[in-house]
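Below: a set of structures, written as structure tokens.
Presented sequentially are two complexes of chain A, the first with chain B as partner and the second with chain C.
Our next item is the complex of A and B:
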């Protein structure tokens, strides 16, 4: 296997003592190992772990409670009823929760670049992206996913949808491609932190901000904002566009109906973009950041 | 007293050092401000005068929330991470030997942090919000200092709560769980997600009586001119009362902890 890294970054020794696997497989294996390590270390403090799971469950639950409280005063928000909003909410929260659990610690990259601990990751013979993604893997984020799924379940029970096989297939598709799109945003954010180390919070606007935005119907937001999350940061494909198809609702911005089926393509496109910049690009950009210190 | 002023000044400068982080934070606060503002517009469109606010007052509430989120540390963050870490590693033993009061030391630092966050993270989002939306700014000049006093009391209440949580690390070792739960309570019961006036029935009454309402609901109502005259005094008394009770509770817990608990490390 070729280790196509820039000179200056340490390279795996020629006589590599372990059997070599394709890079992707190796990355996934490393991710699994690091993840298992963090899960074990979290379990050392059980009481605290239980509280953090509960906390993660509650943090998103409060988001939904806020919507419920709003609906004690109104019957529809932006023309959408409570079950309809619950569907948007459940999809967005589940997709985001899944991604947040798998890649959620990426906002620590900036800190690692700053305090120099990224060097440790760069010299290990393991893909950096896998190490960064699994860093401080937090099992507690199951709480968030559970909450999202519960709301999604409520929405599916409460809604009166004319189900077709296609619409049924759309549900898992939305959650998976939604998680992938959010994932690409996380990786892009991590790459951005090499340039602006202290600015990790900007990432939160697109990740946490994005999921909050998607929990409400597109009709209540300004056109330009909806355009932005459709064409610039393609968050609208996480839940809005496909969910509107399931709900038989009108599309924002006069978009044609087939955009509802684009999420998997959008997700792949996002990752292809990231692959060139985030995955392999991590090397050179990281090296430059390290040299600066 | 001079010592604590120096500590506060140091904390202010410490947070002021990270300018990129501050700019990034302002950006995030602004994005969230916009998202929430649109949801509130949709809500108040259907029900004008909801909770006694008109639309522009509701929007002002949103942007005040973004301005005070960091200042009053509604979601936690700030000193308690550091303090629990010191408890966990055992460094706290050194702190207890120092000829300063542990609680006042951290309070001074937190006030310095809050002062910076009010200027650095509060003013800019509020200004940007005022550019994009029609906000209800105070008519009377006196409302501004009245608001600042209320924010100060809010910060002290917030500190007192987080100090109590940090003390729990003496028993739990890992403070993360307790901190998380309290930060959630802070987010919800401060009125950050929705004004407490909109909470129905008993939940509303309980929420308005809990200490967290001092963090946003009370200062925002002072800003919007809902508390004047004796009402203002009552609002201050509410905040001050909680501050004193919680600070004393923190002190009590600290005494118990230092007597009973064997310090880690060594």
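Our next item is the complex of A and C:
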């Protein structure tokens, strides 16, 4: 603004141009950059990384071992056989594992708000949501994904499904939109933490709790619970509804057949709803962050 | 706006024009009518139109009020308002180096957070480089550098170089510019040996230098430093100060720093702002602050033997004592003299008249200066 400088004082170089980029792309790019840093940080301790992957694999595998043990005493659970339940389990675990790897550390945002380290993210020129999502990116969660995929593989081999092109397409769609739906729940949970500050356990009940719920057939749960996870927190769309279509099973709550194809739409809707809440939360974020110091 | 403002007006206009170089240059370059507004103390009172266009950083009656809820019973909660920043107005011109001081909880960090866009002011108007920080935080981020003294932005497990590469890509710094800036920072901050060392292995001083470099790679026009020398040893402090001085004079980067160390201010800043209870108590030169606070520095001398308390009379006739012993402990004496006075001639006189073995100078601390400011206020 001022042109008349004192002689002898050299001017700072002109700011370099930084053209505006679309927020979404900028966010994805930033996510990639930060994720790469975390992967490299993880690789600074290779042995520890190998052990945690193994640990993650083993711990989540115990969930399925529980189901196996159950089936040593019964032949069917809620009318479902072991391979059928394995399909539900595999889908839910893979979708959740994928999401958990990509966004799983979002529940840490509460801690960042409290210890004030969120400030360092807020002064950077990239979307905060992307930075928070990539925070502490945990490659070790490959263990959970591997475990889910193995169970899914077993289910597909053991089941005798009348395959149609639609049913084949349904599998990757389920995993991807399932991960996206879980992701929206994570983001909504993170946004909630700006208000509640320390509510990662509430969030966990929907995410980790949700995935466990989905590993069992809907027939064993009370109707109201099934209603809740269909219409309120739409977790039923992650695996139940599309998987039941693949299995040619009856839907819960007398839902029509076409709901099986809704998961991508549900995922988009969830993100439209949650994403904007999470991204715009900066006002309260900062205020809370300061109050806590 | 009570006693604080009265104090700063009285002294700011007196000392600001003579000692503070930046207000003086402002007055010289501006239209005659605007010279009053450019004087630091008046800036708080007259945020007139002229100030707005000239100031690189402009605050006009900025407030920040927090709603704090406290549990008073099992279910009852009490809602309380905390005014962390209570109507602050000031202007910082491009290329100024300003110290922002005050006791803990005075509102320093809150101000910095509003200047970076992390916090939205509850009231008033705030502009940095013409940008409203809280509304265009991401756009502003390209133009500012921030160093939080106690929170590193470096990657703990990775070599220092990797953190810089991330900045390079995140801020989309042109390759040549990045290399030039990195080379310059590495040279001036003595980071050459450290680039390939994981950050977790760096000492606090090394890490602080690393953090400062990280904040400057994208050529920010203004650098905010929150306690940049906290916890550092003397050598590290000196390195950091020398670098900041150079950054300000050579590159014209505007620097705003908060600190508890008056030496930082003394060696770096022409202008100092004192904030307490969310209000601007003083805005002017450091010498002026000492005058307001009537603060004294302490010369601690070790003599060869136990001697009666030393008193030095002013050289001018009838001037009264300029230095007096306030405490004697064997051969060691504590001698107080006005903080604004130079220590060199006093030391010379003592060395000439007394068997001096050793000596050190102790600076007054900010808390003491501010406490005296309160006492001396009408």
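Operating definition for what follows: the second predicted complex is superposed on the first by the 260 of 293 C-alpha atoms of A that agree within 3 Å, B and C clash if a C-alpha of one lies under 4 Å from a C-alpha of the other, contacts with A are read in each partner's own complex, and residues count from 1 in each chain.
Note that in this section a residue touches a chain if its C-beta (ideal position, glycine included) is under 8 Å from a C-beta of that chain, and two chains touch if they have at least 3 such contacts.
Predicted, not measured: the structure shown is a model, and the values here were computed from it.
Looking at the shared chain after the overlay, A:58 reaches chain B, while chain C stays out of its contact range. In the superposition on chain A, contact of A:45 is made with both chain B and chain C. In the superposed pair of complexes, A:70 makes contact with chain B only, with no contact to chain C.
Applying the stated contact rule after C-alpha superposition, one finds that A:213 touches chain B and leaves chain C untouched. In the superposition on chain A, no contact is made by A:81 with either chain B or chain C. Comparing which residues of chain A touch chain B with which touch chain C, the overlap comprises 45. By the touch rule above, chain B contacts chain A in their complex via residues 18-21, 23-25, 27-28, 31-32, 34-35, 38-39, 41-43, 46-47, 50, 172-178, 180-181, 183-184, 187-188, 193-194, 198-200.
Those residues of chain C that touch chain A in the complex are listed here as 25, 29, 53-54, 56, 66, 68, 84, 93-95, 109-110, 113, 116-120, 130, 134, 137-139, 141-144, 146, 148, 151, 153, 155-158, 162, 166, 169-174, 177, 198, 218-219, 221, 249-253. Every residue of chain A that touches chain C in the complex is listed here, in rising order: 1-2, 4-6, 9-13, 15-16, 18, 30, 33-34, 37, 40-41, 44-45, 116-117, 119-120, 122-127, 282-283, 286-287, 289-291, 293.
Across the interface of their complex, chain B is touched by residues 45, 47-52, 54-56, 58-59, 62-63, 65-66, 69-70, 72-74, 76-78, 196-202, 204-205, 209, 212-213, 216, 220-222, 225 of chain A.
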